[in-house]
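Across the two complexes that follow, subunit A remains constant while its partner is subunit B and subsequently subunit C.
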Partner chain A sequence: MSNLFDLLVAGLATGAIYALVAVGFTLLWQTSQTINFAQGEFVMLPAFLMLAAMHAGAPFWLAIILGILLSMILLGLGFKLLLVDPMMRHGVLPLAIATMALAIGLKEAVKQFFSAEASPFPSIVPTGDVSILGHAVSLQSIGVLVVAILAVFGLTALLNRTSLGHQMQAAAQNPTVARIIGVPVERMILLTFLINAVLVALASLLITPIYLAKFSSGEVLGQAAFIAAIVGGFNQVRGAIAGGLLIGVLDNLAASYVSTQYRAAVPLIFLIVVILFRPQGLLGRAEERTV
Partner chain B sequence: MSGFGKSLKIALGLIVIAGLIVIPMNFNRYGLFILSQWAVMTIAAMGLNLTLGYAGQVSLAQGAFVGIGAYAAAIMTTHGWPLPAAIVVAIVLSFAVGWVLGYPALRVQHHYLAFVTLAFSTLAFLVFRNESWLTGGIYGISNIPRPNFFGIATNKPLPFYYVCLGSLAIVSVAVWWLIRSPWGRAFMALRENPLRAQSLGIDTRRYTLMAFAIGSALGGVAGALYAPLTQYIDPVPFNLSLSLDLLMMVIVGGAGFYFGPFLGAMIAVLLPEWLRFTEGYYLMLYAIAVMGLLIWSPTGILGILDRYLAERRTKAASAQRAVAKSRLETAQ
Partner chain C sequence: MRSTILAGALLAFAAATSVHAQAIKLADVAELSGGGATVGTNWKNGIDLAIEEINAKGGVLGRKLEVSHADSQSNPGVARAQVQKALDAEPYVLLGPGYSGSVKVTAPLAAEAGIAQIMGGEAAELTQAGNKFLFRTSFGQQSSMPKVAKYIHDDMKAKTVAVVWVNNDFGRGGRDMVSKELERLGSKVVADLSTEAGQADFAADVGKIKAANPDAVFVYLNEEESARILKELKRQGVTAPLMGETTLIGQKVIELAGDAANGARGHVGLTTDAPVDLIKAFREKFAKKYNYVPDHNGLKGYLAVYMVKATTEKMGKVDPKKFADTLHGLTIKAADEPGILMDVTFSDTGDIDRQSFLVEVVEGKQVVKQVLPKVK
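Let's look at the complex of A and B:
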C-alpha cells in the first residue's frame, strides 16, 4: 500500500513534466499545424545552455534566466522564423520530417560542442524527504509538482482570463475570422512558439537533475510527451495536462507491476487503444480546435 | 521528339545500370558495404513510397518490417535454411503483419495513423529486444551466413553486392509494373480522393490494407537482405529512428515519384559517408542539408525536377501558341 502511494507521487511528478512538454506540443499543433518531432531535444537543449552559462562563471539563478532567454530565442523565435515559416504552407508532413532532421542536428551539435557523456545538473529543490501522511516523500518530487502546477495554472490563466489569451485562442480556432476582427494572428502564433520555448526550458530545469544532462535524453522524453499529448487530446491544453499525468503514473505503475522489460509497452498499447476508439483523445472534442 | 526523349531516357537508365555493375568492381570492402546498404534501404524506401507516396497512408513503422524481415532471415539461415526460402517467409510474415497494421488506417487517417504506426514500431523493437529465446535479445544473432547461388558463394563483398543489386532490380521492375497496373491507379485514387475512389467502385478498404501489406512486404525483403549483409543483427538498428530515416528518405527523394526512394536512400546512406571528412560534424551537416532541401523544395529532390520540367513545358506550349497565333494573323 505504501509502495502504491510512493509510485503515485513519483508518477505524478514525472507526469507533471510530461504535461509541460505535451502542452507546448499541442500549442504548436493548434496554431501552426507543426508536429514537432524535436520536442524532446527541445527539452534536452536548455539544460546544456544553462550548464554552458555556469561553466562561463554565471551563478545558478543567472544561468537559469539566461537558459530560458536563449531557449526563447533559439527554440522559439529561431525555430519559427527559420524552419516553420518557410514550410508551413506546404502541409504537415514535410515540416514534420524537417523537425526530425532538426532533432538529429540538435543531438549532434550538443554531442560535438559540449560532451557525449552525461553531466550532472544542480537541482532547484533541495534533496531530502518530508513526511506526508506517514510516508516519506522526496522534496524533489514535491518541488517538481509545485513548479509544474504553477506553470500550467499560469498558462491556463493567461489563455482563459486575459485578452491576449482570448486572441491566441481565436487565432488558433479560426485564423481567417480572427484576422478580420483584428487579431494580430502572426504575432499570436509567434507567442505560442515563445511559450513553448519557456515550457520546454522549465521542463528541462525540472527533469535534468533527475536523469542527468545527456545529448540523447530527449528521445524518451519526447516520445512520452508525444503520447501524453495524443492520449489526452491533441487539441486541448487540459487534455495534454491530463494525458501527461496519466502517462507518468501509468509508466511508474507499469514499471513495478508489469515488467521492467515491457514497461515501455504499456503507454504505447494504451495510445493505440485510445486512438482507435477515441481518436480525439480522452478529453478532446472532435472537429473543434481550442487552445 | 518524344521518341527521342524516350530513347534518351532508356540510354541514361542503361548507363546508370552499367555504372552500378562495373564501377564498384574496384571498390574496397567498406565502399561495397555502403553501396549494398544503399540497395537494401532503397528496397525498403520503395515499399514505404508505395504506402505513403502512392496510396497516401502515413506509416512510421517501415523500420519495424525491416526488422521482422531481418530476424526471419537471421533465424532461418542460421538454422540451415537457404536465403530464398527465408525471403519468402519474410515477405509472407511482413505482408500479414502489414495487413493487420492497415486496419487502424480504416478508422483514422493522417497524423493519427502516423502515431499508431509509431507506437507499433516501438512495440516491435521491444519484442526484438525482450524475446531473447527467439531473437537473442540484446546479444543479437551473429554468424549469419551469406547464400550460395548456383554454386557461387557470395561470402565476399562484391558477389553479395550483386545479390543486393539484383534484388533491387527485381523489386524495381515489380514496383514499376505494379504502379502502372490498375492496382497502382487505385492506390493513387485512394491518395487523391478516397470518397470519389469509392464512388467509382474501388474497394477502398481492400486497397488501403493492400497498400500497407505490399509496402510492408518490401520492408521485409529489405530486412531479409540486411541480415546476411551485416552478418550480425541486434535490436538497435531497428528502433524507431530507422522508421523515421526511411520516411525521411521517401520525402527527401520525392514521395509519389518512382525514382524518389533511389535518390532519398542515396542522400540518407551516402551523404553522411561523403561528409565523413568533416569528422564530428558530419551528421550535423547532414541534418542541415536535409532541412535546407526541404525548405527549398518540400516535395523533395524530384519535386524540383518536376517543377522545372513543368515550367519548361508551359514555356514551350506558350511559345507554340504565339507562333500559331502570328501565323493565323499573317494568313488573314
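Let's look at the complex of A and C:
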C-alpha cells in the first residue's frame, strides 16, 4: 500500500511535467495547426541555455530568467518566424516533418556545442522529506507538482478570465470571424508560441534535475507528452492536463506492476484503446469534418 | 666508383634493417575518437609512458620497444579492420582495444595469427570462449563479483539484497555472477530488477526496492543511469547501504549525482587513488607528462606494456609464438618488476588475480576504505 502511494506521488509529479509539455502541444495545434514533433527537444534545450548562462558566471536565479527569456526568443519567436510561417502554407504534414528535422538539428547541435555526455543540473526545490498521511514524500516531488499546477492554473485563468485569453480562444476557434470582430489573430498566434516556450522552459527546469541535462533527454518526454495530448484530447487544454497526469501515473504503475521492459508499451496500448473507442480523446471535443 | 656507391648503399640498408630488427614492435588499436575517446586516450598515454620508461632504461633484453597506434573510432567494425591491418605488419604483441564489443570481434583475428592480445575489456564472456591468446589488464566480472558478494555478505552483513542491473550483456553478466555468489554465501536476493540502458525515470524501480526492504542494494548500471538511480534513491529516502562496481562510484557519477552519491560503496579493480606507493608514483609521472590525472584506463595501458616486458624477460628471448604460453599461469611480483605496480597472477584463460579496493564516496570524493586481497 505504501508502495502504491509512493508510485502515485512519483507518477503525478512526472505526469504534471508531461501535462505542461502536452498543454503546449494542444495550444500550438489549436491556434496554428502545428504538430510540433520537436516539443521534447524544446524541453531539453532550455536546460542547456540555463547551464550556459551559469557557466558564463550567472547565479542560478538569473540563469533561470535568462533561460526562459532565451527560449521565448528562440523556441517561441524564432520557431514561428523561421519555420512555422514559411512552412505553414504548404500544409500540416510538411510542417510536421519540418519539426522532426528541427528535433534532429537541435539534438545534434547540443551534442556538438555542449557535450554528448550528461551534465548535472541544480534543483529549484531543496532535498528533504515531509510527512503526508504518515508517508514520507520528497519535497522535490511536491515542488514539481506545485510549480506545474500553478503554471496550469495560471494559464487556465489567462485563457478563461482575461480579455486576452478570450481573444486567444477566439483566434483559435474561428480565425476568420475573430479577424472580423477586430481580434489581432496573428499576434494571438505569436502569443501561444511564446506561452509554449515558457511552458517548455518550466518543464525543463523541473525535469532536468531528475533526468540530467543530456542532448537525448527530449525523446522520451516528447513522446510521452504527445501521447498525453492525444489521450486527453488534442483540442482541449484540460484534456492535455488530464492526459499528462494519467500517462505519468500509468507509466509508473506499469513499470512496477507489469514490467520495466514493457513500461513504454503500456501508455501506447492505452493510446490505441483511446483512439479506437474515443478518437477525440478522453476530454476532447469531436470535430466535424468540412469535406 | 659505381660499385663503391652500391656497396655503400647496401651497407646503409643493412644497418638500417638491423636497427629496425632490433626494436620490438607492438601494435595498439584503441578508441582514440568517438564515444570511447577518454578510454582510448588514457590507454594510449599509459602505453607511451611505459615504453618511454623502459626504453630509457635500455629496453627489453637490450632491445628497444616501438609501438604503432591506430584509432578504432570506438566502432567494432573499424576496430576489426585496424586490427587486421596491424596484424599484417606482424607485431610481437597486440595491445587493445578497450571496449569489450571491439575485443569480441577482434580476438579471433589475433588468435588466428597466433599473436597474443592484451586488452582492456571487462565483459565476463571475453575470456570464456577458449581463446588461448587473449589477456586482460583488469578484472573480468568473474573475478570481481565474488569479491563484491563476499563484501556484501561478510562486511555489510546483508541477509537480504536487492539487485538492480541494466538489461544488456554487461549488466546481465554481472547480475548472474553476483546473484549466484550471494545465494552461495547465504544472502537472499529479494528483489531482482532489470532496467533499460538510457532509462531516465527510476521512481518505480526504487519503489520496488523500498517495498522489498533489503539490507543492502547492489546497483550495476552504466554511469548516467547510476547517477539517476542514486538521486531517486535519495529522493525516496532509501537508507539501505548501496554497493556497486566502478560504474557506481566513478568520478562522473559523483559529478552527476552530487550529494546523492555520498555513502555509496563500490569495488574497484584499479584506481589511481589506491594507497599503493607504486601507483602513487605512476600517477605523479603520468600527471607530469600529460598534465591531467589518469583514470584506470591509463593504468591498464601502462600495465599492458609491463606485462610484455615481464613475460619476455621470463622467456629470455623475443618469441611471439611462445609469448601466450609463458604468460598463462605466470605470477609477476611488483618487487621484481615495479612497473607491474601490484602482484598479479594470470590464469590459463587470461584472467587476472590481483588485490583490489573497496571505495566509498565521502563528501563527493572517492576514499579507499579497504584493500581486498587476491582470491588465491
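The working rule: the second predicted complex is superposed on the first by the 287 of 291 C-alpha atoms of A that agree within 3 Å, B and C clash if a C-alpha of one lies under 4 Å from a C-alpha of the other, contacts with A are read in each partner's own complex, and residues count from 1 in each chain.
As a convention for this text, a residue touches a chain if its C-beta (ideal position, glycine included) is under 8 Å from a C-beta of that chain, and two chains touch if they have at least 3 such contacts.
Computed from a predicted structure; not experimentally measured.
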*asked:* Following the superposition defined at the top, how do subunit B and subunit C come out on subunit A, clash or fit?
replied: fit
*Is A:Leu164 contacted by the first partner subunit B, the second partner subunit C, both or neither?*
neither
_Quick one: is A:Glu117 in contact with subunit B, with subunit C, with both, or with neither? Answer first, second, both or neither._
second
*asked:* By the touch definition at the top of the document, which applies to A:Asp251: first (subunit B), second (subunit C), both, or neither?
replied: second
*Scan A:Ala56 for contacts with subunit B and subunit C and give back first, second, both or neither.*
neither
_After the superposition on chain A, what is the angle at the C-alpha centre of subunit A formed with the C-alpha centres of subunit B and subunit C, rounded to the nearest 10 degrees?_
70
*asked:* Quick check for you: in the superposed arrangement, does A:Gln261 touch first (subunit B), second (subunit C), both or neither?
replied: both
*Thinking of the overlay built on chain A, is A:Leu276 touched by subunit B (first), by subunit C (second), by both, or by neither?*
first
*Considering only the touch criterion stated at the top, classify A:Ile132 as touching first (subunit B), second (subunit C), both, or neither.*
neither
*asked:* Contacts for A:Thr14 in the overlay, against subunit B (first) and subunit C (second): which applies, first, second, both or neither?
replied: second
*subunit B versus subunit C - smallest C-alpha distance in the overlay, whole Å*: 6
*Touching both subunit C and subunit B, counted on subunit A across the two superposed complexes*: 261
*Interface residues, subunit A side, partner subunit C - complex*: 2-3, 6-7, 10-11, 14, 116-120, 127, 129, 136, 138, 140-141, 209-212, 214, 216-217, 220, 251-256, 260-261, 263
*Which bits of subunit B are touching subunit A when the two form their complex?*
58, 104, 107-108, 110-112, 114-116, 118-120, 122-123, 126, 129-130, 240, 244, 247-248, 251-252, 255, 280-281, 283-284, 286-288, 290-291, 294-295, 298-299
_For a test of understanding, state which residues of subunit C touch subunit A in their complex under the given definition._
35, 167, 193-196, 198-201, 203-205, 207-208, 210-211, 224, 227-228, 231-232, 234-237, 252, 255-259
*asked:* Going by the contact rule set out above, which residues of subunit A touch subunit B in the complex?
replied: 35, 37, 83, 86-87, 90-98, 100-102, 104-105, 108-109, 111-112, 223, 226-227, 230, 234, 261-262, 264-265, 268-269, 271-272, 275-276, 279
